[in-house]
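Both complexes shown next keep subunit A, but they swap its partner, so subunit B is in the first and subunit C is in the second.
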Partner chain A sequence: MKYKTPFIEKHWNKLLVLPTVVYLGIFAFASFGLVVFLSLTDISFKGEIAGFNFVFAKNYIKALTDPIFQTSLKNTAILVCIAVPIEMLLGLGIALMLNQDIKGKRFFRSLFLLPLMTTPIVVGNIWRLMYNSEFGLINYILTSIGILNKPIPVLGQPETALFGIILIDIWEWTPFVMLIILSGLQALPTAPYEAALVDGASSLQIFRRITLPMLTPTLIVALLLRLMDAIKIFDVVYITTFGGPGLSTEIIGLTIYKEAFRKLNLGYASALTVIVLFVVIIVSNIILMIINKLTKR
Partner chain B sequence: MVSVKLENVTKKFGNIIAVNKLNLDIKDGEFVCLLGPSGCGKTTTLRCIAGLDNFTEGNIYFNGEVINHLPPQQRNIGMVFQFYVVYRMSVRENLAFPLEIKKLPRTEIEYKVKEIAEILKIDHLLDVKATKLGPADKQRVALGRALVKEPRVLLLDEPLTNLDAKLRAEMRIELKKLHEKLRTTTIYVTHDQIEAMSLGDRIAVMNLGVLQQYDTPYNLYYHPKNLFVASFIGSPSMNFIDCSLVEKSDGIYLDAGSFQVKLVEEGEFVKHNATSSDLILGIRPEHITLKQNPDDAYEAMVDLVENIGDKYIIHLKSGDHIIKVITDEKLLNPGDKTYFSFDRKKMHVIDKKTERVII
Partner chain C sequence: MNRAFLKLILFIGLAASVLFFFTPIVYLFLTSFKSQVEIYQHPILPKDFDLENYLIIFDPQRSGRFIFANLISSIIASFGSVAIALPIGTIAAYSISRYKTGGDNLFFMILTTRMAPPVVFSIPIFLIMKYSGLINTLHGLAIVYAAFNLALVIWMMKSFFDEVPKDIDEAAQIDGWSKTYTLFRLVLPRVYPGLFATAILSVIFAWNEFLFALLLMHSPLNQTLPVGIAGFYGERGWEWGQMAAAGLIAILPIYVFALIVQRHLVRGLTMGGIKE
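Right after this comes the complex of A and B.
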């Protein structure tokens, strides 16, 4: 092509990726570097921003003994360990159902996507109203059919608040898992399925030995995306409970937010962010390793 | 192994009739090919026999027993698809799959897998992941999986179409030998007439969902029943020359305009069986001989010479007709004058209106 100078000609492919590299450089690597840098200081918004000292590992040591951070780690772990597996199972089940030739398939598909299309702020508010002990729909139904004697303020008491949040997360994110798995299912070739039918396999055998192995890559993608997202959960908790009552729904995202923008301890909040990042990386890799071992067998 | 019988099998997709009142009798151990152009209903027919598609009307029998209602799992058939289907497992697990489903004992499974792998020459690949194999080996695995459970019928849906020409020829021979060894009733769908002619004991030629002729390869070639079969079988295809039946004082003639063919013994028969005087003269390119003198031959001009490897296709122009002739040597050039004649016994007369072959 004539309009290219020799310089452009030579570096054409590098030039093509340049915008992405610049974008990632500024918004990912530079800001990550800044966070790591800040995590080693005692920078705070309380007084003069100009004055800060290097404290090196002090923030990290503090984090390891901080009861609030420990509670938020524990709560996040509980949330992830309960919500994500349920979302995966439910998502897979619904996807398998919607992949059949059933009447009203399109209608149900749109219906199941509604939670996904709703803004998290709205989701939080809807559920706060649904859970309300005086006029909430859930309490109303459960008391009128006699499952509950008196209404419970689900989000208002420490024993149930976290499970209330977990239920919201499942409601909100199962459709996402379903969508990924459904697209995976629809991309599967039909021939192996038909071959297995001819080979005499039952639906269950076909699912276990043909569909599931072919679907594994899709399942891994859905699982990892959900895992990382669930660890980062913030908005719904911010709207519904803001970590309360007490520390019962305190989760990592909220702890970091509070440290940075309420208590204005920017350095400490940065250290917590770095810790969470490494937790996410380690957890996803462990899961990937387990899956790889399982599928190779 | 069983005999298979199709009785008035009809399959509709909405308003489209994919298979129309198909009747087919397949003997125990026979190798039958379903041959036809794309969209003629041959694959649909096979899928109906497999139970993967439900048909609209009719009956399918295995050994005289109606199997319409049986799901594919219970028909005990082996099937190989055009796009080689291997499961994401080792070759051994692929071959063992149908047997494990039947819950056979371990030792028996191992024995049978080994046996079929040896027959198909894939015994050295048993521990390789099947998805990593080349196309021919994948198709062997698929074939092995179909055969290992000793199916009542083996259904093959264009199994060689996705292989390259050389492998296709090799696999064709392997299939032929395999059938001679195992004698499994086999139904083979193809659009490739060479495959059908070389493999099939009998061939069912289909077009637009209708069975055109069900016969041996020899009869399809020498005694086609209608214009479609006559044009579909043979390569290059038969010459068709529009002509009319004329009676003269010395006998009955086919008048093609530029030349006339005298019908001797067959004249009365043709006259009696034709619905009108509009006829088509059909003669295969390989049954025409070129001559240098006009004795008992017709004059023509060379229009084009095609080289197809060891042979030549000479396109002759006689009046408005283009007539293809196959020769071993290139003796002529475009523009040359020549003479052609043909064996009257190998010529066909086709009724133009009904498209039925009269002789």
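Right after this comes the complex of A and C.
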């Protein structure tokens, strides 16, 4: 008698990923195809889609010379380049402190989780309260103790608004870096430390010669993940400044959102999307390959 | 001397960072008890812990808002998305863990949906939802959230499946058990804690989402909490106290969830890359 493997058993591994492939196929790939198609047209959206013409590369050429898009690229770059290094340093510092023998370690760790878990829209609102020039906590304290003689509307003036956003980002995301580094620290082997103590090494030497080298892979993973996530910033800027005053806090996500859903230029917004998507896919795949190597998934 | 000095630095550093990271949340808490007038009179502590703001926001007739409906919408959309993404993602994770199905290509394809800024999907998803009639429905929103949560579920569950010895599968095969039985009766029960943690984390991410809720939900009753909170602008400008109260309502359940799954948080944040 010939035993025939049932269909399900034979194709078991493929059947299991089929729903995922279909689901993401519809979302990711239909989305991608649609957005590329739209980017070649002058389509606009006023409740319904009206007729449209193919304009081919015109949207892309416009994007390359668009001062708003350039400003949002620049602002996003400034935000990432200032906020992420500070988050890394602060995160490392706090992780090192929490890795010491202190009372209530678990409690402190839980406390630091909170900013990260806070709904980004609420994060934005919290900081609008904090920054408010009439009653906000920051201005109140700084004027009371005499550091400022009059309150600063941090988010209300172009010179300071972007730095206001950067501080919010640091508040929200340092715990992310800290958590990753702390788990990296806790996974380090203890043998090298015992040897170093026997040899009479100082704390600084131990940190530079033992902790830092062994921690490097974790630091790189944290850095790369943060770089990738930092460019996604949207909610906080939407609720605090909506890109203003002027274009001082305009960032990539907001530019696409406004172009598509406020100015209703779906075609042009799609072209911006394709450019951003293209860059993100290349960069994130490089980043993923590095992370993959480092964590030996 | 050296030791004492380090202890002092440790203490100051820890105190300063707790102050920086915790004060804003405490400030939100304190503000939620203040009336619009009191905010200007008492910059720090409220004069008493008056629950007026909480009563107002839950009463549509007084506030003109639907925070209770928003809360229900948030619950439906976030738990709904997990109900879709968890089964689909878990079986895929098992397949990828055991058979390396799809190889590196599938790996990168799935992760890219997590890496790309959500706004790049905004135009196509808006159009797809509009022309499929799913716009302004909570199941529509749950379907969108599930797509974003799939990547998280797959890579987190894969890392949990990787920890279950392959011998179990092999022994089951030799004993003549079907593959279906092996997965659902022998392997899956060993990753129940992981399944639970993954579900909670997915709920958190869906709960906090704002952009798609804003784009897809038009009627105030269907909007989720973040969208409801974003609209706290009244006749007298921003209703700070009410906004703070609504903000706390939104974040408290998330804090509880986060504390429950603390142990697996790093794994979730790094998509299974770093374990604790």
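Following the convention adopted for this analysis, the second predicted complex is superposed on the first by the 258 of 297 C-alpha atoms of A that agree within 3 Å, B and C clash if a C-alpha of one lies under 4 Å from a C-alpha of the other, contacts with A are read in each partner's own complex, and residues count from 1 in each chain.
The rule is simple: a residue touches a chain if its C-beta (ideal position, glycine included) is under 8 Å from a C-beta of that chain, and two chains touch if they have at least 3 such contacts.
Everything quoted here is computed from the prediction, not taken from an experiment.
When both complexes are overlaid on chain A, the residue A:L129 reaches subunit C alone and has no touch with subunit B. When the two complexes are overlaid on their common chain A, residue A:L38 makes contact with subunit C while staying clear of subunit B.
Of the two partner chains placed by the overlay, only subunit B lies in contact with A:R209; subunit C stays clear of it. When both complexes are overlaid on chain A, the residue A:L16 reaches subunit C alone and has no touch with subunit B. Within the superposed three-chain model, A:V276 lies in touch with subunit C and out of touch with subunit B [touch as defined at top].
Judged by the touch definition given at the top, the superposed model places A:P192 against subunit B, while subunit C stays out of reach. In the superposed pair of complexes, A:G200 makes contact with subunit B only, with no contact to subunit C. Put subunit B and subunit C next to each other and count what each touches on subunit A; the higher total goes to C. Partner subunit C is touched in their complex by these residues of subunit A: 8-9, 12-14, 16-17, 19-21, 23-24, 27-28, 30-32, 34-35, 38, 49, 90, 93-94, 97-98, 100, 102, 108-115, 117-122, 125-130, 134-137, 140, 171, 174-176, 179-180, 183-184, 186-187, 203, 218, 221, 225, 228, 231-232, 234-235, 238-239, 252-253, 256-257, 260-261, 266, 269-270, 273, 276-277, 280-281, 284-285, 287-288, 291, 295, 297. Those residues of subunit C whose C-beta lies close enough to touch subunit A in the complex are 2, 6, 10, 13-14, 17-18, 20-25, 27-28, 31, 39-40, 43-44, 88-89, 91-92, 94-96, 98-99, 101-102, 106, 108-113, 115-128, 144, 146-147, 150, 154, 159, 178-180, 204, 207-208, 210-211, 215, 225-227, 229-230, 232, 238, 240, 243-244, 247, 250-251, 254-255, 257-259, 262, 265-266, 269-270, 272-276.
Partner subunit A is touched in their complex by these residues of subunit B: 50-52, 71-79, 81, 83, 85, 87-89, 97-98, 101-102, 142, 145-146, 149, 155.
Looking at the complex, you find that subunit A touches subunit B at residues 189, 191-192, 194-202, 205, 209-210, 213-214.
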